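The following pair of complexes shares a single chain, subunit A, combined with subunit B in the former and subunit C in the latter.
After this line comes the complex of A and B, so read on.
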């Protein structure tokens, strides 16, 4: 990983601030490269992977150049809302940014072998690059709005990648599921962000992180700590697939394996835990610990049990990822440095071993043609390099010393023990759950390894060696995992792996609470050489794991039985129930609303308008003026004519009579306008009235000549609606014309000639003062025409009933 | 519905309508009128022609084209031109607004979208008249209204 940057003086307090242009280039480059991908793919064909890998490598280089810096950089974006296109660089951003770009390089190289000859490669690489850009955007965001935008972009990219095989039903289902769950969670997060920004007064994350104690105090003063915590927590939990939102991740395995390795183990699902680390300095406290320790440990245990029940490689890895994300969430949940160390170190370790394992699973599936455990075994002779990688990575996953996962799990045990020791009571559940979860973790890790050992089933045909482009990346990842693991041994011997330790320490510093935030923490890890509670817990977990593996059939029978008894663990029910329920409900609503009768639509529209406006009037307690303007004799007569014609229109027996009566109303109103000295409005009214009449004549042939008899109840209903609409319009007119002195009218009268050079106030308002409104109106007119055209053309082509 | 009276009246009204609508359009800034009214008037005059002479009158007599079916009418015929008209109208309206911004950019002043201005000029025959930049926007309004209304009328009429 990014360990070789570590000669830089990042733990001094006078770090240089990052360069805005480097950040813009870092986040913008993948998107630009994604846009260019279709053209590049035309030229390069199957070698597009190397182009994408080169882009990722450049990004990785930029991440490295940023690693010595700390602080924010921003350009103004939405000034009035104090939203800026802001970026923020610190240890946490560097860690996850390095993962996104570094694992990106390896995954693209791997894709060169895995995706060779597959259709849809331009789409695949463009989306992957766009995803990488979004991920880097999330990681380096220094503004809540920017963070949210990129966050949702990662969901969109994930949707496209999970649904890559768009002709398969399960792919489409999985893509929708991933999208709905993560985007839904993102909306909760957005509300949390808005609450946070409204209490603090800025959207700038960089400003909040610069003053975490003050920010926290402001949030607490407003009494919004718990709501913000929960809302942001839901966002993080959906993205990181925590219980009960873990439903989408196993289905997302419908994606091509490199996607699973990249998005669904090393990077995108880390966005959730990244978010927790990001806001941890601001929000950490008692509530924080209660919520996230419970959430994380619960997820860790449930997902570990589900992983044991898995019947194929990728399903096992998916549940295992959920479980390990639970471990990281729990780590961030514990207050103090120990918790942060657990989470940060495990982010690094998990990315290394889990991405390697996914790539291994991809190789096995690609070369052996199956991922089912029952069909696989003894592959070490066919795939020796892959088997070696799997040993290093799977033992790291299982937490076996001296492999890398052991150290972060040891930290978790230590943190949970400390927590229980301090809090007492129910808190003792935390270390117990952590150990039980780890027992299952080791058991399924060994089960994964068993694919390479033992008997080779006869049904397994010839297995090819994988090409170097596919074995190279997992080897590199396993090497990193292995080196981190060896660092523990050398540290026990007195020679710690300084770059890793100081890098992790730097990252940990970025996630500490207000009292210590921003300063690099000193971090050490080593193979324990003495007995401590954590060591005893590890020993228990490993012994339990081995026993479970030896009694595999019994354990799997038991866990499957448990799952059968408690289907709620799989938790698919709530998602399917929600989605199908929503479908069902909308069908029913549609049946009520969409009758095919214009009168239904008109009724709903009018009722809706009356309800909204009426509610507005009631809510604001508007006073209806009683003294209206006085009318002269002429106006009264005209209005009386209009009223008589309106009654005639209602009582008309045929369409022709009705339209005639309506026209009388219209022209009476025109005369009214003329008398009220509004010639412009009158003119418009005349012309519009004429056009309406002509249009009606055009369609007259199609209508029945006489109205049928209508039911009494419907007539009553329509009458009520009409009266309501009329009443509302009357109230609106009275309220709107009551303002005195009428500032708006006076303004227009005074300024029309002077500022716009026109004497026709109405027209000047239309084209000049309120020109933008007119632009909107003519857009609506054009849209109406497009709509009519579309409907007619669709019917001509037989696309609608 | 087509009677000799209607046809005769239509022949008489048609040119009058066009002239009046043109006058409405020009005088809009100072007297009753404007792009919207002018557009509706033009559309209603053409609609009258449709009523009197049938829906193919514009297609055959004005453009000299033959149309077979209703779909063809919509996709290739005069409706296509109406569509172009309202699309162009929207483009003109927006472009007029953007031109103000461009002018501001070129002269190093900040001018918001759709800012309008005017000048007085003396033109032979017409004397002292006002030239308002808003006329560009009004032209857009006119085109959109005419294009959209005629699209709707002819498509619905063809049904």
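After this line comes the complex of A and C, so read on.
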């Protein structure tokens, strides 16, 4: 039975809370469908795509039914840790959830054409569905632990999908890279979550978001704001491929193109910025702005330059995605409503135009057989519909009015100008970097478009028309982008596109900090009809972009030169250096530790024990006593005999001499037991010593009188280890004998006669109180005897090989 | 005044040093020697922990008795130590039969 344990959000009286069962169905359905995919694929074959699209459509429907609700719903999961299987619905979740399921429908339909006849389709569709479920889980998570689990699941799904062509080396490399970077970042995020939860006292995100101001105050009181901010920021930056973690995204293009369109442009990489939007109400402040504005704008510029250097369609789109994610991160970085509006509106716009462009790139690669810019041109005659889609989407990407990307970029300019105007000084870099980044953005957008215009290279063979299943989805996406763009024109004429505006306004409201809440319930965008700083910046960016495109060769020569001079921009070095370095180091450690020599293992065990115990003594700063009661003369003498005999055993020139010395040690220890009032032990020891001596002599008779010559260096090394061990034992004995713990012996003293009827307490313990131990001891002796028999007697009978 | 057993501590230090040095040798028989010295030393250490000042733990003799529990433990350890020593020696013997050597460098070099 489900139990609701969460409090209601603060404005629950305005909007109804979501139904837990709808949320469970929404997140669970894709996973269930993924599990069933192998069976379905056997029946449907190439038409499995439509099954997956239907599942995505149902999810989209559920997202829409949830759109009117707000708040959390949870089932108790790990009660003692206050972890629950909690969900949370608000504008931001609805936006990204709608992208995950809506783009999912289109991508699955597209896959029907793209993946036709490809091997491994059941795996492909099952993983894609599981990814969609994980993404919906991330988006609707109302608990930090739930968020983390689904977050890592998206990384796993991405790993499988990037490595879809698992027989290709570059696919495997790319898959591993994507996995290591995003999962590694996820672990930083987890630490941040644990810090956050331990400060606030609950893992419930819904509870934190209901009281953002109180949560923030608690975090600040604990002095953990900056650590939490940085750790969560690293998680978001790795997932959203921010500099310097952008290394994995271009390689991830080894995946089939629908995967790139779905995971690596519209959804998974949005998980990082989603996370920023999610925690923004709690953590937004001065540090937040410094970190994320710098990170986002840096990424925007560096990735735009890298995109200009790209030599093929998907590489360009990958770097462009990184660049636009930087724009979104910077948007969330700015305090106040304007920044949030930039980020949220651009999440929507970017998903529309970038997914469309990826699908366009897929069509070009599929029909023309190449993705290299040098081999492509003039495709508008062969692929007219695709070319039209590309125009709408690419101009949106370039930020040309009146296409959709223009409006969100305009908001960025406005936000960065306001920020600089407000903060002054170095902050003026923000608008400058934004404009320079946009110049490159428009330049590479036009370069992308040039594939469809100009001369058709002679090398390009016949290009097929793409089937409708492949052109339909990008047309739908471009239509959405186009309608949003037209909305700006109609708004300037006095008739805004109300559904888009109110939806974006609702989403923006979910990402605002407490100080700005209720500030931006209304969101408007329109084609500017007057001159403002942002308009000037846009004009500069567009003019610069066109000039750059006209001087393309020079620009590319310059950017490639810059890249050659500063290879750090590509940042592959740190990943390869780290991964291969770690591999190399572990191989060397393994070689040093795992030699196959008993001596090595023993040496490392001794050194490890000494190091650990020694560290313990040092860390606790224990005082070593150096004086104590004088021991009786007899004990002192017998201990000296044992010590001298032990040294003699070390120095013995032959085995027999060694056994003699050992025997002396043994009998000295016997006498010690007698003097230490342990008569029973002494009796046993006498018998054992005698028999051991005999066994030794019997065995030694069969062995060579070999004595390994001791190398000086090795002897010195072993001597150091031995003295360390001996020293540690001395210290331990001094410390331990000085302490006087409560002895449990009094129990035996009091109960021996009464319960066991014996006066010799040691005997009573052995045969009565701890009788089972003695049985175990006898079993060991018996097993040893059987083993000895097996090893000697049965071998001589020829029963073992 | 502390109760630290200085003489015992030093003697145990020497015993453990000798045992460790022997265990690190390449001659298999000396490794067995080392294991033996280490187990003897450990037994002495345990009995020391029970206190060596009292009278034998047999009721009816009067006086403070030493800890009987450690003595029972050590008694068990002595017997098990005997069993393992015998087994070790037989393994050494069998190793020599199989490899014709008790030099660990030879044997383990050959195995790898």
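In this section, the second predicted complex is superposed on the first by the 578 of 801 C-alpha atoms of A that agree within 3 Å, B and C clash if a C-alpha of one lies under 4 Å from a C-alpha of the other, contacts with A are read in each partner's own complex, and residues count from 1 in each chain.
The rule is simple: contacts are C-beta pairs under 8 Å (C-beta built on N, C-alpha and C of every residue); 3 or more make two chains touch, one makes a residue touch a chain.
Given the structure is predicted, the values throughout are model-derived calculations rather than measurements.
Asks: After superposition on the shared chain, which partner residues are touched by A:744: those of subunit B (first), subunit C (second), both, or neither?
Replies: Touch partner of A:744: subunit C, not subunit B.
Asks: Compare subunit B and subunit C by how many residues of subunit A each one touches, and report the one with more.
Replies: Subunit A has more residues touched by C than by the other partner.
Asks: Output check: A:696 vs subunit B and subunit C. Expected answer is one of first, second, both, neither. What do you get?
Replies: second
Asks: Output check: A:39 vs subunit B and subunit C. Expected answer is one of first, second, both, neither. What do you get?
Replies: neither
Asks: Does subunit B (first) or subunit C (second) touch A:729, or do both, or does neither?
Replies: second
Asks: Just checking: does A:784 make contact with subunit B only, subunit C only, both, or neither of them? Give me first, second, both or neither.
Replies: In the superposed model, A:784 contacts both subunit B and subunit C.
Asks: What is the contact status of A:793 with respect to subunit B (first) and subunit C (second): first, second, both, or neither?
Replies: A:793: touches subunit B, not subunit C.
Asks: For A:679, select first, second, both or neither according to whether it touches subunit B, subunit C, the two together, or no partner.
Replies: both
Asks: Which holds for A:547: it touches subunit B only (first), subunit C only (second), both, or neither?
Replies: After superposing on A, A:547 lies clear of both subunit B and subunit C.
Asks: With the two structures laid over each other on chain A, which partner does A:721 touch: subunit B (first), subunit C (second), both, or neither?
Replies: second
Asks: Which parts of subunit A are touched by subunit B and by subunit C alike?
Replies: Shared contact residues on subunit A (touching subunit B in one complex, subunit C in the other): 679-680, 684, 688, 691, 695, 699, 702, 759-760, 762, 766, 774, 781, 784-785, 788, 792.
Asks: Once bound in the complex, which stretches of subunit A touch subunit C?
Replies: Within the complex, subunit A contacts subunit C at residues 595-599, 602-603, 606, 625-629, 631, 635-636, 639-640, 642-643, 646-647, 649-650, 655, 658-659, 662, 665-666, 669, 672-673, 675-681, 684-685, 688, 691-692, 695-696, 699-700, 702-704, 706-708, 710, 718-719, 721-723, 725-727, 729-731, 733-738, 740, 743-745, 748-749, 752-753, 759-762, 765-766, 770, 773-774, 777, 780-781, 783-785, 787-788, 791-792, 795.
Asks: Flag every residue of subunit B that touches subunit A in the complex, lowest number first.
Replies: Spelled out, the residues of subunit B in touch with subunit A are 1, 24, 28-37, 40-41, 43-44, 47-48, 50-51, 70-71, 74-75, 79, 82-83, 86-87, 89-90, 93-94, 97, 113-114, 116, 118, 120, 130, 132, 134, 137-138, 140-141, 144-145, 147-149, 151-153, 155-159.
Asks: Given the complex with subunit A, which residues does subunit C contribute to the contact?
Replies: 1-27, 29-31, 33, 36-37, 40-41, 43-45, 47-50, 52, 54-60, 65-69, 71-72, 74-76, 78-87, 89-94, 96, 101-105, 108, 111-112
Asks: Touching subunit B in the complex: which residues of subunit A?
Replies: Interface residues on the subunit A side: 679-680, 682-684, 687-688, 690-691, 694-695, 697-699, 702, 756-760, 762-764, 766-768, 771-772, 774-775, 778-779, 781-782, 784-785, 788-789, 792-793, 796-797.
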